[in-house]
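The structures come next, written out as structure tokens.
Shared chain: chain A. Partners: chain B in the first complex, chain C in the second.
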Partner chain A sequence: MRSIIRRNLPTYFVALLIILCLNFTLPRMMPGDPLMAIYGEEALVAMTPELRTFLLRSFALDKPMWEQFVAYLYQMSRGNLGFSYYHNAPTLEVILGRLPWTILLIGSALILSTTFGVFLGIESGWRRGKPLDRSLLSGFMALTGFPDFFLGMVFLLVFGVSLALFPLSGSVTPYSGLSGLPLLFDMLRHLMLPVSSLTLTVLREPYILSARAKGLPERVICYRHAGRNSLLPVVTRTGIWLARIITGTLFIEVIFSYPGLGTLTYQALLARDYAVLQGILLVVATVVLLANFSLDLLYARIDPRVRHAH
Partner chain B sequence: MHISIKGEFRKDTFGQVGLILLIAITTIALLGPIVAPREPNHQTRWAFTSPSTFHILGTNHVGQDNWSRLVYGARTSLLVGFLVACVATLISAVVGSSCALRGGLYERIMMRFVDGFLIIPAIIVLILVSAYTKPRLYLLIVFISLFSWAGGARIVRAQALSLKDRAHIWAARSFGGSSWYVMRRHILPDLGPILVVEFIHSFRRAIFMEAGLAFLGICDPTRVSWGTMMRNAIEYSYMNVWMWWLVPAGLALSITILSLAFIGHTLEPFMEPRLREHVDA
Partner chain C sequence: MRDRSHIHSAICLAILLFFLLPQSIAWTKPLTYTIADTTGDWGYPSPYRRYPRGPGYLRMSFIFDTLTWKNGAGEVVPALAERWEYLGSENAYVFQLNRNAQWHDGAPFTAEDVAFTVQYIRKYPMAWIDPKIIGKALTLGPHTVKFVLSERYAPFLTNIAGTMPIIPRHIWKGVTDPRRFGGEKALVGTGPFRLLDYNKAQGTYLYEANDDYYGGRPKADRIKFIKVSAEMAAAALKRGLVDAASIPPDLAEDMKRADFRVIRAPYGWHLKLVMNHREPPLDVKAFRQALAYAIDRKGLVEITQRGHAMVGNPGFVPPDSPWSNPRVKPYELDLDRARRLLRKLGYEIRDGRLSRDGTSLKLEMLSQPRFKEVGLFLKEQLERLGVETDLRSLEAKTLDSKVLHWRFQLAISGHGGLYEPSFLKRAILEEGFNSVRYWTNRELTQLVMDQLRQMDPAKRKEIVFLLGS
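Entry: the complex of A and B
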């Protein structure tokens, strides 16, 4: 159990370092005075002199580069990710406000796709080479071809616009004054389209992995033994799978105007709110690294070979 | 390796379909001005027209011919895909094989970087970098390439590691062949098939990335892109224009990606099963 963690920790450290260096150097490579390069013209105009001096001081922008880097790391570790001119609030606050919606979306899609994916995968693997296996496999092959955002748009146009079954955008009906159970139903109705598009686009990975799992015995013990075995590759690959899910979530949120981090990224891009873009990159990367780390722990728990290795 | 490319395609219907589709799209893209009746950026006075003999896919919100833009969009997608695939495959070949051959501290440090790059959510980095630099097409190609070589480098390294200890390589080394000589004469040629598969996968991922970024508004304004078409079309989802504006662009993109996915799947046996660890974008 220690070995897998010891092997992976340097990777996470390097990944975080790449992000930090990127966030630090990118704006400083741009021409112009540092504050303007970091925040952009629009932001600088909107800033009060107090905020300007505060940012200049806390990030040591008038000092040499290495002092700036130390100051930068110090501020990041304190959670000071800069200031969003567009939302007129500290960047971290803006991001944390949107994070729950994205977690709700990704969480539901993750549960749904893993459940369906592993279920279909085991059924398919149990009937290897039979018609059901083949048609499922080619179905999933075709599904991967559709880019997430096109699939999302088709969902939007068919179920949202043409059939008008579900709301087109947002996460709750605005100004409806709902609370309690009706609010929950309202949230679920809004979640329906984004979650189903996201689930479909990420379903393939758990499906393929569990269909490929080896040695599928009698049906009765199928789910108890093979199920556990086939879950292993699903868990190990979730780390890399996450990158795909994040890409998918970004597009799906933009298409359905779901108020999570994806839409925030898009708004920040349009408004050239660089502080928010940098903050999102840092927060998302940190979450991904933490998720990978907990998967390592989980993997060590469910795979006896890893558990007893040391 | 006793697998031939032709043989794999003969066996696999998916592969044949993929190949035919890709050839068809490439032909249309290459013919360009011959099949596209108008300049893609030429604006007419008639916006939002329905398909007619004059505009077979109608016109968009500023009166540009949708079919012509679709054809020129194929050029952008294929160009980005091809160039990114070239650069990314080259980087993965160099990094992967040098890691396997050098070993030691160099390998350990490089592999941490490779894994680090794999974990980082590339799309967000690309958005951030593009927001600062507002890249033209060729700079965008460089950026996408920088984030699509890591998975390939892992696979190349694994393959090169297994090649390293084979008899003919030992023979070449014991006759005094330098690392560079061994790499050029023996390792790189044997990596060929794996590099072909990697090439196809990066090709597919790059086309997806380009369209996705263009959909978010990150694109070379002088270029026509399927992503931009979809971005503009979705604004008018309340009209029925999406049927001949958004759907063709989406389908063209999907078919291109699908054909590459099929080809990649067909060539998969080149990757020895133990090494089969490709990464989706």
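Entry: the complex of A and C
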């Protein structure tokens, strides 16, 4: 395990550094006031001369580029992702307020898609060529061919508007006075449609991978061994699905008015709140890198060939 | 003898329940009015932390009053000031304040608070308020305040007295960082509501009525703002999740049939075809007029907006504004007149295209994705005239940047804020992508500045009418 960490960690560190460089370079390449490029147009509206001087000094914007980069890395290391003038709050504070909801959404979708995908895939693979296998395969191919936002809109119209079974927006019922278990059920009700939409868009992957597992004659043994065999590519590809889910989250959150990073990104795009956009890029990139690194370690744990090779 | 104690107990219990139950049943939930909002979060509703947008100001205005306000007809009405008087000789306003007003924490509201607010804003600038207009803020008594203006400023009652939220001196005198000031004390105002809760992530606000409000207790016990997307607003209304919501105009009839009261909002947003008057051929007035005569504005509204808009007019004052000059003739569709104007400028039609000196006339028109239909309609209109038009769709801020730096010929752009003529200075003379920055007509420039300084409303209206013509 240590050798895997020693081998992979520098790669991830380099990836993070590249992202930091991109995050640093892009707004400074834009024409016009660098403060506007970094803080957005709201900054010019709200900024006093004293504040302007303070911000210029914080990010060394009046200094050579290399000094700016050092100042930028220093501020990043202190958790200072800048200030959002649109939200009138530190960027990190704005992002952290939304992050838990997105983690809840993504985590639920990832767990559900992996669990159901693997289970259905194994069942289908065991019945290869039979009606269940064919119908499941066709169903998933058809369903996951639709874009994320389309499924989300259909679910919202059918289950939210027409059948009025689920809420139309948000992650909780505002000011309902609920707490404890009723609050949890309320959150689950709000989560149902967004998670379902997001889950279905990535369900195909674990399903197909596990359906390809080659089994042994005995069903129980087959299930155990096929399940274990199919787990390896599923784990490998989870990092890719994670990125897919994150991008899908943007559309799903906007459709369901879900208060996560996706909605925040959309608002920041409209408002040209560059500080928040850069902060989200950094946070999401870091999360994806961490997740992939964790999956590398997990993969080494479950595949003895990888463990022994190192 | 039978033991009747259990009967006695039952009777006592029944009597007890008889008195207790009606009270518990009679308890009613507060009357809560729920309003849907598509954005949700408009900032912490204190004067310095709300987002500098209309809805952000509105959230704050439930808590903090101004000296004057506007009624539904757009007329200036008393708020914290009961009455006022303009002293022309001194260029000053004297406000008599409402003696019944008090702060939410029970402290009395006085003229000191008003004078303090002006001084505070001078030190800590507040969005939308230009304190330089007020030369001096003097307290003439506990409930009398005098503003001596630094210059004549006609929209003072709306743009300053009706916009500046008054903050309590006893709380804010020690606040040196207003943009970070939060907590219960930051939200002590004189307004009809107090804030109970604000959730930034969820984009929700909960207000409760101020029982001691000087203007009378609000009808709703509570007001709640929740986030609902524009597409779901109608469904949320029908499901009873919200009591009020903005809906697309196409759904108005459907909602009326469902027994909802539909209120038509004013036409508060202005869509313009912006012309780069600094660059040929658009630097020639007759050429611009020719394009104006070529556009079927009624068709534009019927086809691209499905009738849910008002036909525009030349100038910036909306046709339904009391400041709009009814005698000004609009540019009616007249292709012949348009072509005559262009022929006088040396253009001739060849193969359906206008050209001059052997060069075809071609213009580039910038648009945004949300105005796609408008762009296509205008392109078709101009090409019918004979002007080959290259329509380019750009993201909104990119388009604004091109307009700001004069890197365009024609652009479809728009903005709001048109119901007080003070906007004319911003829209005609000031720098910014929403301004035409037209300074070559000295008479126009003079009229724009004169209407700002004319304190007599009737005379001011005459100037604005002249501007419109």
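In the analysis below, the second predicted complex is superposed on the first by the 288 of 310 C-alpha atoms of A that agree within 3 Å, B and C clash if a C-alpha of one lies under 4 Å from a C-alpha of the other, contacts with A are read in each partner's own complex, and residues count from 1 in each chain.
In this section, a residue touches a chain if its C-beta (ideal position, glycine included) is under 8 Å from a C-beta of that chain, and two chains touch if they have at least 3 such contacts.
Note that the structure is predicted; figures quoted are calculated from it, not measured.
Enquirer: Report clash or fit for the pair chain B and chain C bound to chain A in the combined superposed model.
Expert: Partners clash after overlay.
Enquirer: After the superposition on A, what does A:M192 contact: first (chain B), second (chain C), both or neither?
Expert: A:M192: touches no partner chain.
Enquirer: Answer with first, second, both or neither: which of chain B and chain C does A:N88 touch in the superposed model?
Expert: The answer is second: A:N88 touches chain C but not chain B.
Enquirer: According to the stated criteria, A:F150 is in contact with first (chain B), second (chain C), both, or neither; which is it?
Expert: A:F150 contacts chain B only, not chain C.
Enquirer: After superposition on the shared chain, which partner residues are touched by A:R244: those of chain B (first), chain C (second), both, or neither?
Expert: A:R244 contacts chain B only, not chain C.
Enquirer: Between chain B and chain C, which makes contact with more of the residues in chain A?
Expert: Comparing chain B with chain C, the partner touching more chain A residues is B.
Enquirer: In the superposed arrangement, which partner chain does A:L112 touch: chain B (first), chain C (second), both, or neither?
Expert: neither
Enquirer: According to the stated criteria, A:N292 is in contact with first (chain B), second (chain C), both, or neither; which is it?
Expert: In the superposition, A:N292 contacts chain B only.
Enquirer: Of the two partner chains, chain B (first) and chain C (second), which one does A:Y266 touch, if any: first, second, both, or neither?
Expert: So A:Y266 only meets chain B here.
Enquirer: Based on the superposed arrangement, let me know which partner A:L277 touches: chain B (first), chain C (second), both, or neither?
Expert: In the superposition, A:L277 contacts chain B only.
Enquirer: Just chain B (first), just chain C (second), both, or neither: which does A:I18 touch?
Expert: Only chain B; A:I18 stays clear of chain C.
Enquirer: For chain B, which of the listed stretches 2-10, 20-28 or 38-46 runs into chain C?
Expert: Only one listed stretch clashes with chain C, namely 38-46.
Enquirer: Where on chain A do the contacts with chain B and the contacts with chain C coincide?
Expert: Of chain A, residues 156, 161, 254-255, 272 contact chain B in one complex and chain C in the other.
Enquirer: Would you mind writing out the residues of chain A in touch with chain C in their complex?
Expert: Its residues touching chain C are 32, 41-42, 45-46, 48, 86-89, 94, 97-98, 101, 156, 160-161, 164, 167-172, 174-175, 254-257, 259, 267, 272.
Enquirer: Mind listing the chain B positions that touch chain A in their complex?
Expert: Within the complex, chain B contacts chain A at residues 14, 112-113, 115-125, 127-129, 131-132, 208, 211-212, 215-218, 230, 234, 237-238, 242, 246, 250, 253-255, 257-258, 261-262, 265, 279-281.
Enquirer: List the residues on chain A that touch chain B in their complex, please.
Expert: 8, 10-12, 14-15, 17-19, 22-23, 26-27, 30, 138, 141-142, 144-150, 153-154, 156-157, 161, 205, 239-241, 243-244, 246-247, 250-251, 254-255, 265-266, 268-270, 272, 274, 277-278, 280-281, 284-285, 288-289, 292
Enquirer: Write out the stretch or stretches of chain C touching chain A in their complex.
Expert: Residues in contact with chain A: 39-41, 43-44, 49, 51-52, 125, 127, 179, 197, 199-204, 206, 224, 226-229, 232, 235-236, 239, 241, 397, 401.
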